[in-house]
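In what follows, structures are represented as structure tokens.
Below are two complexes that have subunit A in common, paired first with subunit B and then with subunit C.
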Partner chain A sequence: MSLSANARAWITEQPWRTWSSQALTIARIDLRRGLLSRRAWWVYLLAFAPVALIAAHAVFDSSQRSAGYLEEDTKVLAGIFQIYYMRLGIFFACMGIFTWLFRGEVAEKSLHYQFLVPVRREVLVLGKFLAGAFTAFVLFETAVLSSFVLMYLRFGPLGSAFVFSGPGLRHLWLYLLTTALACIGYGSVFLALSLVFRNPVIPGLLVMAWETINPIMPAILQKLSVAFYLRNLCPVQLPAEGLMALFTVVATPVPAVIAVIGLFCVTIAIIIFACFRIRTFEITYSTD
Partner chain B sequence: MAVYKRAYRSYTGPITAERWRFLVLTRYSLSQLFSSRAFSWFMMVTLLPVILSAAYVYVTNSVTAQLVLRMGNQSLLSVDGTFFSKILIAQAWMALFLTCWAGPLLVASDLSNSALPLYLSRPLNRAEYVTGKAAVLVLILSCVTWIPVLLIFALQSSLAGGSWAWQHLSFVAAILAGSFVWIAVLTLMSLATSAWVKWRIVATAVTFGLFVLPPGFGEAINGVMRTSWGRVLNLPYLLEMILTHMLGAPMQSHGPFSDQPLPQFAAWVVLVGVCFASLALLNKRLRACEVVRG
Partner chain C sequence: MNASDNRIVFENVSKFYGEVLGVNRVNLALDPGITSLVGPNGSGKTTLMNLMTGLIRPTRGKVTVLGMTSADPEHLFRAVGYCTQFDSFPRGVSGYEFIYWPLRLHGLDHTRADQLTKEAIHRVGMMSAAERKVAGYSKGMRQRIRLAQAISHHPTVVVLDEPLNGLDPMARAETIALFQALGQHGMHVIISSHILEEVDRISDRVVLMSNGYVVAEGQIHDVRREVKDHPMQILVRCSNPAKLASQVFALDHVVEAKINSDGQGLLVRTRDAEQFYLLLNRVAAQGVVDVEAVAPADDDVNSIYQYLIGSDGSNA
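What follows is the complex of A and B.
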């Protein structure tokens, strides 16, 4: 039998339906523990703090509603998205959510229960990743959408003209797409780190340092970061400031399609790595 | 096999003086930290900016070195307030990374394993416990902040002549004041977060997050509200304000939305306020008894 026929036979023999239902069950359990628990208050705070700020601005700054302010607010929204959400909010939320999927179980000394259940460990990884990704998606997509709506709602007809007859809808779509990609990109990185290191936060901080200094790296090295692809997708580009501006290397931007496919491929590769890693994962609660 | 009768015998060795008993905690915590080879390496990495700065000071003062490096008459940046503020800011970031690593190891494990009553049942009170743990961070952070920067000051003084040191004696006060404020902020915030969070991984993330996330939110406040007061959330920026003011150096532009400077008193009020708030949190959390619900 040829190699492709073997592969096809292997694929058809696997219990995909069982695995997917197991993964969904695990995801549901983790969702209840992550998204709907009181302990997740800080993720809500991270996601919705700028929304509250923009809402206050919409309510109290009722005088600033001219076209000039609309243009300025578009830049402010781009700043909030790129500086707060992309660089900090989503990054830290993913660090917390995805790292806690396994390390949280280790800290609470409950991971062995999941390892004793007759479920493949790879399915466990996928189920937990789904739960983390859904949590991050729901919170940050809602937050970004609310920020966008509140920012333009106060301009009335001018705002709706910008959104529905101007570039507004395209901006919104790109913000939502970038948010989704950031969630799965950073999420997969932190899931894998949590399976490799006992304290994945310290390598996580190195990842953050890498992502921050990335614009001053040579063009080829810039492509080895999540932030590079995300920056390319942002609808409004912010100029570099301070010392960073002096050393920033402008790399050729990649087309949006390649950025999206590239990030998806990186995410899948990291999850496959995590699946291999979980096979040899051992728990020693006393040392962890 | 002979079996000897064993009975209680009191300790007859040397006893640590009462006022220095907190140092026992410091000693054990330091040995625990430095038992990790990675931490020792990281400690050395944090001194890299200082080593580079020392080389820079040497080249600036040595005509021979400039000739060897073929610099000719090219004027280098002088060793002034801006230079010292930049080294100290670089070292302040290194100190932050060190705190993220070392801080959560000090208190979090004691609390998560309910070991605090064991400490406090010995002749050691809460203040001494905190002092003992804080002394670890103060020692480590001193080794990467004011001590190496003062050594650079000494190097520059010896190379540039005694008059330079006299003319710039105010730099010493600025270096010491800036470093001590930053060390106090880092130490107390790290101990407070470790005491409240308990889990080491989370404590590391929270300690770093408290220095990185609020500045981002502060920039959002600046952008939306058209103000510069959002920067009071940016602790590294406030330290930079204090340092540049005391060293007479110009302040760099920060953030895309506002270049209006904040008043100096705001920086002092916020940093001192953070220290007191951290102390209050520690006071609330560190108790000899623990109420377990459920």
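What follows is the complex of A and C.
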């Protein structure tokens, strides 16, 4: 039997329906328990702090409605998105959300219950990843959408024209897409790190350093970065001035389609690594 | 069907936590029935249970449960239920939810999962508190709800780490009755406990552990017979203990004979119980004394524990 025939036979034999049902049930369990409790107030702050600032800007600068201000605000929004959301907000929120999926359960000594059910551990990883991704999506897509709406609302007809007749909707779509990809990209990184390290904060900071210096790395190493693919999707290029160019300039740009596929490939590779890692994970609460 | 398909088998299993020994060179084959793991704190009981259920992996050797390994959780945990020693729960769950959601992961629909959940809760007498958050339960209630969760899916193997902790005497008696009922249905019930009197009462066999080693295992009476360093103690209730004592003193294998304070019994310590019983039969048949009852005085887990492990937990 040929390799492809073996592969096809293996694929058809697997209980995909059972696994997907279990993954969804696990995600549901985690979401019901409330992935974000009151203790995670700082994650809400990370997501909605810019929204509050933009809302204040819309109120206090409501008289500034000319086309010049609209162009300026478009750049401000791009700066908030590329420098704050992509680099800081989503990054640290995903660190909090996704590391809590396993390490939180270890800290609360409840992870063993999820190892004592007839569920493959890989399915457990996928189910928890889904729960984390959904939580991050809801938070940050809401925040980014709110930021966008608040930014252009005060311009009235000028703002409407920009959004519905101009490039606005395209910008919004790209911001939302980039946000979603950032959530799953960084989410997968922190999920995997939490399975390798007892305290994922230090490795998380190392990841941040890697993401920061990534633009000056060789081209092949640049591709091992979530931020590399995300930068290629940003709709508005910010001026390259001094150190800020590190965060905004894409030295070797790739088409958007390649950026999306590339990020998916990186995410999938990390999730596969996490699935291998969970197989050898041991419950030793006393040493954790 | 393979013989190991009905057993829990440890093949030369060792587990090290870094440089700290968990268990070393354990070879066991546990048949259906109630098996008690007995030993002081740190002897390796929980390590064995965690190895059985895949929560930890052996450093060396292999563990199979009914022919399955922990690499196949989809099948293993349909047959195994584990009530761990950890008195902790997922955040914010009620007693009902704590049992219900794992059953949904078994692939059961809502109706069936709901039915099994209520059945398990009823079995441990927690119906009135099932909807409350577990965080508000007493220690005994938390213990019972964890037990309910372990047996809710009708497993063939039930592993219970200190299941009687925190239970009041009535709850303890009910729980022991539950274990005995489970054991009688051909299930494996693996219990670790420090309450040796109750272990003695319910167990078909015992595994004594100390410092990560299996010191002895088997049926309690067989284990006691193997402990040659400590002469057997046999209590004989009879009409004339002094006369019986004069008969037994002549035997080389009798180390000590002491008349009971009530004057109606004789406590004999002998290195050869079989020979002593033969003598007793002869004496009774000849009508020298009227023997009312004969019973081993130290043929129990507590005594075996003291002889083999000692009260300080070191090997005796």
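Heads up, the rule we're going with is that the second predicted complex is superposed on the first by the 268 of 288 C-alpha atoms of A that agree within 3 Å, B and C clash if a C-alpha of one lies under 4 Å from a C-alpha of the other, contacts with A are read in each partner's own complex, and residues count from 1 in each chain.
As a convention for this text, contacts are C-beta pairs under 8 Å (C-beta built on N, C-alpha and C of every residue); 3 or more make two chains touch, one makes a residue touch a chain.
Values in this document were obtained by computation on a predicted structure and should not be read as measured data.
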| item | value |
| --- | --- |
| Contacts of A:273 with subunit B and subunit C, given as first, second, both or neither | neither |
| Touching partner for A:37 - first (subunit B), second (subunit C), both, neither | second |
| Which of subunit B and subunit C A:76 touches, first, second, both or neither | first |
| Contacts of A:118 with subunit B and subunit C, given as first, second, both or neither | second |
| Partner chain(s) touched by A:22 [first = subunit B, second = subunit C, both, neither] | second |
| Which of subunit B and subunit C A:110 touches, first, second, both or neither | second |
| Partner chain(s) touched by A:205 [first = subunit B, second = subunit C, both, neither] | first |
| Subunit B versus subunit C as contact partner of A:284, first or second or both or neither | second |
| A:89 touches, of subunit B and subunit C: first, second, both or neither? | first |
| Touching both subunit B and subunit C, residues of subunit A | none |
| Subunit B contact footprint on subunit A (complex, rising order) | 46, 49-50, 53-54, 57, 75-76, 79-80, 83-84, 87-89, 92, 95-96, 99, 103, 107, 199-202, 204-205, 208, 238-239, 241-243 |
| Footprint of subunit A on subunit B - complex, ascending | 97, 100-101, 199-202, 204-205, 208-209, 212-213, 216-217, 219-221, 223-225, 252-257 |
| Residue numbers on subunit C that touch subunit A, as the complex places them | 17, 50, 53-57, 71, 73-78, 80-82, 84, 86, 88-93, 101-102, 104-107, 149 |
| Of subunit A, residues touching subunit C in the complex | 18, 21-22, 25-26, 29, 33-34, 37, 105, 108-110, 112-113, 115-121, 279-280, 282-285, 287 |
